[in-house]
Amino acid sequence: MVDRLLGRRPVAGPVAPEDAKAEMWNRVQLARNLRRPRTLDLLAEMADEIIEIHGDRAFGDDAAMACGFARIDGHRVVFIGQQKGADTDENVRRNFGMPHPEGYRKAMRAMDLAERFGLPVVTFVDVPGAHPGPESEERGIAEAIARSIGLMTRLRTPIVSVITGEGGSGGAIAIAVGDVVIALENAVYAVISPEGCAAILWRSSDEAATAALAMRMSADDQQALGVVDQVVAEPGEGAHADHAETARRLRTVIVAELDRLERIPTDELLAARYERYRAFGAYTETAAPPMTPPPNRGLADRVRDLLDPTRWLTGTSTTGTPRRDDPTAPEEA
Amino acid sequence: MVDRLLGRRPVAGPVAPEDAKAEMWNRVQLARNLRRPRTLDLLAEMADEIIEIHGDRAFGDDAAMACGFARIDGHRVVFIGQQKGADTDENVRRNFGMPHPEGYRKAMRAMDLAERFGLPVVTFVDVPGAHPGPESEERGIAEAIARSIGLMTRLRTPIVSVITGEGGSGGAIAIAVGDVVIALENAVYAVISPEGCAAILWRSSDEAATAALAMRMSADDQQALGVVDQVVAEPGEGAHADHAETARRLRTVIVAELDRLERIPTDELLAARYERYRAFGAYTETAAPPMTPPPNRGLADRVRDLLDPTRWLTGTSTTGTPRRDDPTAPEEA
Amino acid sequence: MPIKLPSFRPRKDAYPADLWTKCPSCSEMLFNKQLDKSDRVCPTCGHHFRLSAEARIALLVDDRSFVEVDAGLQSVDALGFVDQKPYPDRLAAAQLATGMRDAAVRGTATIDGHRVSLCVMDFAFMGGSMGAVVGEKVTRAAEQALMERLPLIIVSASGGARMQEGTLALMQLAKTCAALERLRAAGVPYISIMSDPTTGGVFASYAVLGDINIAEPNALIGFAGARVAAGTIAQELPPGFQRSEFLFEHGFVDRVVARRSLRGEIADLLRYLVPGEQRPAADNGRSLFDPIGFLTSLADRVVPDLPAPEEAPARPTEPADDVPAARAADREATRG
Amino acid sequence: MPIKLPSFRPRKDAYPADLWTKCPSCSEMLFNKQLDKSDRVCPTCGHHFRLSAEARIALLVDDRSFVEVDAGLQSVDALGFVDQKPYPDRLAAAQLATGMRDAAVRGTATIDGHRVSLCVMDFAFMGGSMGAVVGEKVTRAAEQALMERLPLIIVSASGGARMQEGTLALMQLAKTCAALERLRAAGVPYISIMSDPTTGGVFASYAVLGDINIAEPNALIGFAGARVAAGTIAQELPPGFQRSEFLFEHGFVDRVVARRSLRGEIADLLRYLVPGEQRPAADNGRSLFDPIGFLTSLADRVVPDLPAPEEAPARPTEPADDVPAARAADREATRG
């Protein structure tokens, strides 16, 4: 597994760290370009027909999440995607493409329809992050994300996910658990925004570019990590420069994947999907069964324990390491 | 079916209309008695253990609906019931036992747990009606009621429903779709509150007692109609006078029904439940296939059509009878 | 005080009531025959008047495709209910006034070639109230849909459960929901169409449970009466309370669709919800086209080594719709 | 200005930090040994201090019943992540400080005689952040629970996904949720216990998905950081925002349970969620009693003609709990 993680795409050659940083930041900017094609823009180009559905049947209709039916090159599909606005007014109405819980619950309704009526699902991911406001928390954004992820892992129909712009953390993966994950060339995908990462780990959001590079958030890097299966080149200066051509290229890939996935029996498809996500994460495994060391031992003992795990004892209660009750540590997102 | 509707319990003898009305109204008052035992009061008496669960996992926890686990005479069950307050403060907190959508969604969570973990469900119905406020409408009280009814019709575990006080319309049946429906002697069950019915049909809420009698809302009447399977006598002056004895009597019946239902294979149980509700409603059926008569015919023609349906023709468009766009007609609840 | 100007419009009583209808929304006097021709939508302001079951069916389904069943169902007065007049008298009066037996008509029909099980309510019959007959027809429509795997379409127009049938009317909520749950479990689609009004126990049972919920513009849709809501809670009601657009905003309606677009939208949806159906040839003179990719690939998925099925008869569509551009722009116009 | 009175309490630095801890809630100086004895709950105000995984396990499970598995898992720096120091150095430092390999410990144990699959997080290890090892242990705990049909219990204490593992940490959300969905489909129960703090990707995956969700009092539980929520939206946060009681009020937590009652509550719940389990004899000296009605009747229901099973070993319970009065009164006291 570690081999797989060490990349399929070797870097073309040594690159100066500052150049790499600038290149990465350029991609982040492209992913966030205001004229980048959105879910409905792409569908308008690639589909012959779109019928939106609305509402989560419990609280509201979230304009930051577009769901419905579409016909793409003869494939009838259910589509789901975050939808940013084209201008300020639309962005206000669509909350800058940051869905509230009702957006993810609408997405789950769409997935359920897809499963029951035998339609494949195509998702378009373009989200800075799920909406972080108090109302979003109150109505259970975490619950909605977790349920949506869970539903996708067991949905009995093919799922093609496309990262088209910003793949922002939990708000992204909530609709990105595909059998195959495609990314546009300048899309990015990360566990936290580069600004957030920099603020926590570098104590300065000025280091966002540094953080973006460290997190390897470009589409190419994500492909190297195995998180993205396929990267689709963008035309000219980027997707924003030519929506039609971007959509045309995406359509070709999406249709090919739908053709492929629809030939796989559902049980095999689900087993493969489970395995795809089951395999993520790089770790080593030693056979020894260590337990926490007894309290009040010296650092040297602890180092020796680490170097030789078999030396460890099955100890009894040591409550609370010194820093446990400090404020939230910087290592987490 | 009509036979069944015409009653198992013949009235004891002719009763003067005014006496019958007073008797019915007395029952309505007893059903609404402020000291009547509530869901948790009854469970406190009849169960050896109660563990409440809380929250609908989407919006809130509704104190008007109590749900959880209980052990009754060795039966481990999931319980669900509306909960009125014992005093003004508690009534405010519990919205006078009128659940919002989140209450019914919590109930559905409880039902789902019951099904997955093989526990029978016991529901306690005591509700003037689902909460009628704007927030209740906004969050989909109708949707919550319909889904809860639907879930109960297919829940793969036995369900015993007990009407303990007010069985108020949709807010009641949302948790009353049992394999067996039990009622306390002075419980009432109706499609609309007697005041509401009187206001619409008699244009005066003073006629509430008349409406209550016309709707036959007493437990005995409901048993005669087949809506209630079994009526449990209340001690002394009514359930409010002796919570413990009321609970004891109910427990005996509930336990007997659980014993009986748990012996029925699940598929048979569900088929019988479907048939129980499938059979409700009194109608006649003639073989003739009439269609609406052509427009502009005289009343006499229409009367003849009704008397001899075979005379009817398959007509074409007659749009809108005169009163169709009048304000809401008085015949509906 | 405002000065009262003389009106040059003819006085109201100059319009014979049987020939003219006043639009409650824009106050325009509308000639009934023209109103009928415009599917009872006000040509001035777009107000949707209520529709008879028969007119609704004519509007929704392919010409002459509707076959009524269960026309002979008629309510029995199980409670011996008497208010200001006995229930049987009210029934008879409603039957005389409407020429219907009860507030719903059911049968099968085709919509753009798709065979469907259809049940349509009529508000003119005792406020479209649901008693044994409405409940039975809805249930049988669902059961037939299940048995023959036909999409189910129900058009609601109702004030709720029928008081005169007491709890037996209330039990129709359970009866209809039970049938719909079986339909759902079997993967047979159900489209619910809510027209003005759809309230009470009808909204709180089958009307709200559509896989897709569609509402006509500005229809009254709600559980409790607005008077009850305001009265119980003593608070102001939000603007547009219990109207289609309010329901849309709160997530319970997928699309608010103008009457003229209803049939087309349903046909569009059926093409997604009934992917495997063999379509009969269109009978309305429209041109034919459709790729068969989806049907083929679906068969591949279900039975991987199956040969591709015969080409399915294709989707008829109006030439204007044939341009292969997406219809995303529509979504704002129809709030859907 | 307020007059400053001389304090008669000893100055703070009079308490050596390794012996005394100041309660952040009531400011009382607490002697560490006593704090440990009270399960790290402030005896004055009830503030729940964070607990090590080891202390948590000792608190929850039957004596000596815990058997750790997968202790040898250790993260690999797949990204070559360097911030102010390289990720491997951070890992090593955390390992030295805590004596743990990563932020979770998993294994099997019995709780009041019920065998369970258990995974416990420890905030002291890099803020309890979830990387490959935490994700893997949670997933294996769920998979073992599925395989052996053991109830799954996860105790969360985490700031969220581990940034240093990038999207591979994010993928742990899908990995863990996938395993939990299989568990749910199989009818195997999962109780999630949220301790302070349970936030970010951990809350938005396995922590929130319990069949029953339990939270310790006043634990920080939320998705986005409060700073983010306030900053992005520029509005005041509601009181108690993202605390256990707030989550309870909003419907995401079934019960807020004080630490001393946790084990008892879990044992109570397991008796409902694992009805068919053959219980081993209790090993803690409590008296035995329980009717077997439910077990018998369940068997009858599943296989109608099956003879009644042997009497199940009964529920051990403390004498004080034995009075057959209901415990409804508890519900207010514990907000559950």
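We just call them A, B, C and D in the order they show up, numbering each chain from 1.
To be clear about the criterion, a contact is a pair of C-beta atoms (placed from the backbone, for glycine too) under 8 Å apart; a residue touches a chain by one contact, two chains touch by 3 or more.
This structure is a prediction, so every number in the text was calculated from the model and none was measured.
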| item | value |
| --- | --- |
| Contacts common to chain A and chain D (chain labels) | B |
| Most distant chain from chain C, judged by the mean position of its C-alpha atoms | D |
| Of B-D and B-C, whichever chain pair has more C-beta contact pairs | B-C |
| Intercentroid distance (Cα basis), chain D paired with chain C, Å | 50 |
| For chain B paired with chain D, centre-to-centre distance based on mean C-alpha positions, whole Å | 40 |
| Centroid spacing, where centroids are CA-atom means, of chain B and chain C in whole angstrom | 27 |
| Mean-CA-position distance for chain B and chain A (Å) | 47 |
| Residues of chain B whose C-beta touches two or more other chains | 57-59, 139-140, 143 |
| Per-residue multi-chain contacts in chain D, two or more chains | 184, 250-252 |
| Overall pattern in which the protein chains touch one another (line/ring/star/complete/other) | other |
| Complex interface listing, chain C residues touching chain B | 17-18, 21, 24, 36, 40, 49-55, 58, 68-79, 81-84, 90, 92, 94-101, 105, 122-124, 126-129, 131-133, 135-136, 139, 158-175, 177-182, 184-185, 197, 199-201, 203-209, 222-224, 228-229, 232-233, 235, 237-238, 241-242, 250-252 |
| Residue numbers on chain A that touch chain B, as the complex places them | 57-59, 101, 105, 139-140, 143 |
| Contact footprint of chain D on chain A as seen in their complex | 2, 5-6, 129-130, 132-134, 136-143, 145-147, 149-154, 167, 169-170, 173, 177, 189-192, 196-197, 200-202, 211, 214-217, 222, 225, 227, 273-274, 277-278, 280-293, 299, 302-303, 305-306, 309, 315-325, 328-333 |
| Chain B-touching residues of chain D, taken from the complex the two chains share | 184, 187, 189, 211-213, 248-255, 265, 268-269, 271-276, 291-294, 297-298, 300-302, 304, 324-329, 331, 336 |
| Residue numbers on chain A that touch chain C, as the complex places them | 40, 43-61, 69-71, 73-76, 78, 102, 106, 113, 116-119, 158, 258-259, 262-266 |
